[in-house]
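So that we are looking at the same thing, I have put the structure below in structure tokens.
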Amino acid sequence: MTRRAVITLVVCAVLLVALPWIIGHEFYINLASQVLIYALFALSVNMMLGFGGMVSLGHAGYLGVAGYACILLTTAGYDQLTAAIAALALSTVAAGVFGVLSLRAPGLGFIMITLALGQIVWGIAYRANNLTGGDNGLSHPARPMPFGIDIRDASSFYYFTLVVFAVALFFIWRFARSPFGASLTGTRDQPRRMRMLGHNVWLIRWLTFVLAGFWGSVASLLFVYYNLYLSPHALALQQSAEILLMAILGGASTLTGPIIGAAIITLVKNMVSTYVERWNTLLGLIFVIVIMFMPYGLVPGCRQLWQRLHSRQKGKAANAAPEASP
Amino acid sequence: MNWQFWIIQTLNSVAFGGLLFLLSSGFSLIFGLMRIPNLAHGAFFMLGAYFGFSLLQLGFHFWLAAIFGGLGVGVLGVFVERFILRQLAGNEQGQVLVTLGIAFIIADVCLLAWTGDPMPLPAPQSLRPPLRFGGFAFPTYRLVVLAIALVVAVVLYLLMERTRLGAMIRAGVDDMEMARGVGIPVSRLFTTVFLLGATLAGIGGVLGGPILNAYPGLDADMLPLALIVVILGGAGSLMGAFVGSFIVGFLYNFGIALAPDLAYFVLFLPMVLVLVFLPQGLFGRAQT
Amino acid sequence: MNAPALAIAGLSKRFGGLPATKDVSLTVMPGERRLIIGPNGAGKTTLFNLVTGDLDPDGGSVKLFGNELIGMPTQRRVHLGLARTYQILTLFPRETLMHNVVLALLGLDRLRWDPWSVLTGHRDLYAAAADALDKVGLGDRAGRVVAETSYGERRRLELAMALAQKPKLLLLDEPLAGLSQGERQAVRNLLDAIPRDVTIVMIEHDMDTALAFAERITVLHYGEVIVEGTRAEVVADPRTREVYLGD
């Protein structure tokens, strides 16, 4: 990593760790936790979108599988850790199955099938009253106590989320820079060529889908622990769309893009809904505007702007110098 | 369970299948020709239902409300195609996502304009009394909806097979590069097909009003059904949309009637089977 | 008598009603330099696509050093020693020349399944890629992005990617297409330098260059093999002239 990147990372880390002291107010600390949870959702969906070129509109489905599984198992009496592991395992297996189905028709068919699958999970959650409580949703008994630490208050939960997020981000970062990551971006750009070079394009995509499903499931558990409640409303198409938008808005081709996108959307959503009732219209408008005018997202766009300003400054300095000499 | 139950459910299923055909035929054509799954299609259907409701409130005759409601949605569709989708030509992924954004906007605007309460659309007076035949009572309106859907199917078939427009659409679905090469006005074709699809969806919404009502969330309920119809039947295939619509109509209806908890699951299974064994759908063309 | 590098028997493919490949049989021995020629639409690229697995045939067999390829997915054929360049360049335009070759090398390396290590840390991989680029004269430009290279350089990159995999059978689909005279000579030199443990089958339209390179020639027309033999035989055969001048 470049020196500048390391410095930026350290500064961000310090700020994130010191956040509860800096902000103080519980509402905003909780907001920060939400941002981290959504950032993880966005990062996981971006493994498929930005790196793999696959648009999944069913990512909220993992909330349905992992989320409800976790609640049901905990309520049934299993301890939190077992419930979490079992929920993750179940959800990852579901990702494996969904992946096989979704990849039957790559390209636009993939979008449609993931949407249909996400809606089916939502529909089942909505109608299977005996299992999921239907529209009323289910309550999760209590937040877990990782290593015996109480995370019921805002700051403690924030640190718990931050640790999980940091670990996940590390794995995803390694993934992006790995040989597998390079193969994945290769299949995004030239799938036919990749096959002719010996790569198993289907398997690369499927493994990515499963990994994305795993991290999405981790985010789902954080979501359930945060809210201590889950209803079908959280699995709706809108949720999958928002997550996707976070990745696109920030910049799907980067790692920081989805994080920034998640921050912006979460903050806007929370601030705006106190003033404006029409969040969905705003969401739709942001979608349309971003895709039409900022398809590469904010992070690449800002980087370009920065580089252009930089080169203009260099140009000015070069122009100024000859005048100085006689 | 008596015969009456089975007959009523069967009729409900075919009537619902007819509605699904009005919804999915447009979706399938748009997808087949423009390669875009129009994720706003459910919203088009819902908007049509709301337009129909308001037109009926204003005193319009039912069938006029259906036509004008459909056309209203069609006009909106033309706007969307010309000013938004066309700007993203070549970026299919972007086009799909943009239709999603538009779906959200339409849904929210409907919520604003017509509030959150479900709006009933009264069926035309003349069709309210049931049809009595052979000792059974048949819901007249649903039979009429089915009849209309069959007529539309025949008209669409003739359009696709016997007219120049249809030939151009089929050429475009088959091989877009070739179609462009032989001079088919692709942009105008796109607009026409989008207009046709949106209008059909809107009409379907109005016709469906007396059965489903107009309510927030109707779009989210209908869109996945259209998707499943196209996955089952095959994209770009009118026959596929036709057969798929009735399969889904039956599955959904009987599913809800017999095992409401499992209704979505019942749809899931055939979709999975088709995807595993016949990914191009029953009537679709194999991807090359 | 060793096994032929490539043994095609009775290969057929129809598109709708149109027969693109009609009962094609041909045998290429190891180390051979085979040229496939024919007018446009003769089915040459279709033949390549059937060998690589981009298309499935209606009937017939394709054996690579005795291994039946029909029914095998493309990537497995590559692992058996097959490599191919395309008529229309399919490179990774936003990546550097080096990265393009690295992807080619990864295709045959178990490393490609590693989701943890840092790709750029594998020095031996990058050394091999640099070597492959040197061999086609692109070593000094390895860090350049493909989009910023000339057409001739990109053709050479394609070749580098194929050769980096040390294939046993190399299919070249019009490797000289669109190149200037000087560039064509450069590519020709590269082709001449390929060692004999690589069998080459080439489709080309540039008669001068291709004829000089070829040892045996197969002439295709409307998906069928019309003439086959040594360079001298094919050139002298009246049917060859018919195919190009007749109809």
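Labels A, B and C are assigned to the chains in the order they are written; within every chain, residues are numbered from 1.
In this text, a contact is a pair of C-beta atoms (placed from the backbone, for glycine too) under 8 Å apart; a residue touches a chain by one contact, two chains touch by 3 or more.
Everything numeric here is computed off the predicted structure, so don't read it as measured data.
J.: Looking at contacts between chains, which pair has the highest count of C-beta pairs?
T.: A-B
J.: What is the chain whose Cα centroid lies farthest from the Cα centroid of subunit C?
T.: Computed centres place B farthest from subunit C.
J.: Roughly how many whole angstrom separate the Cα centroids of subunit A and subunit C?
T.: From the centre of subunit A to the centre of subunit C is 42 Å.
J.: Could you give the separation in Å between the centres of subunit A and subunit B, each centre being the mean of its C-alpha atoms?
T.: 33
J.: Just give me the whole-number Å value for how far the CA centre of subunit B lies from that of subunit C.
T.: Taking the average C-alpha coordinate of subunit B and of subunit C, the gap between them is 48 Å.
J.: If you look at subunit A, which of its residues touch at least two other chains?
T.: none
J.: Could you list, by residue number, the parts of subunit B that touch subunit A in their complex?
T.: So the residues of subunit B touching subunit A come out as 31, 35-37, 39, 84, 87-88, 91-94, 96-98, 100-109, 111-112, 220, 223-224, 227-228, 230-231, 235, 260-265, 267-268, 271-272, 275-276, 279-280, 287.
J.: List the residues on subunit A that touch subunit B in their complex, please.
T.: Touch residues, subunit A against subunit B: 55, 57, 100-101, 104-105, 107-109, 111-113, 115-116, 119-120, 123-124, 126-131, 236-238, 241, 244, 248, 278-281, 283-288, 291-292, 295.
J.: Touching subunit C in the complex: which residues of subunit A?
T.: Of all residues in subunit A, those touching subunit C are 174-175, 177-183, 186, 189-190, 192-201, 211.
J.: Please output the residues of subunit C touching subunit A within their complex, sorted ascending.
T.: Checking each residue of subunit C against subunit A gives 52-54, 73-75, 78-79, 83-84, 86, 90-95, 99, 102-104, 106-109, 111-120, 122, 161, 165.
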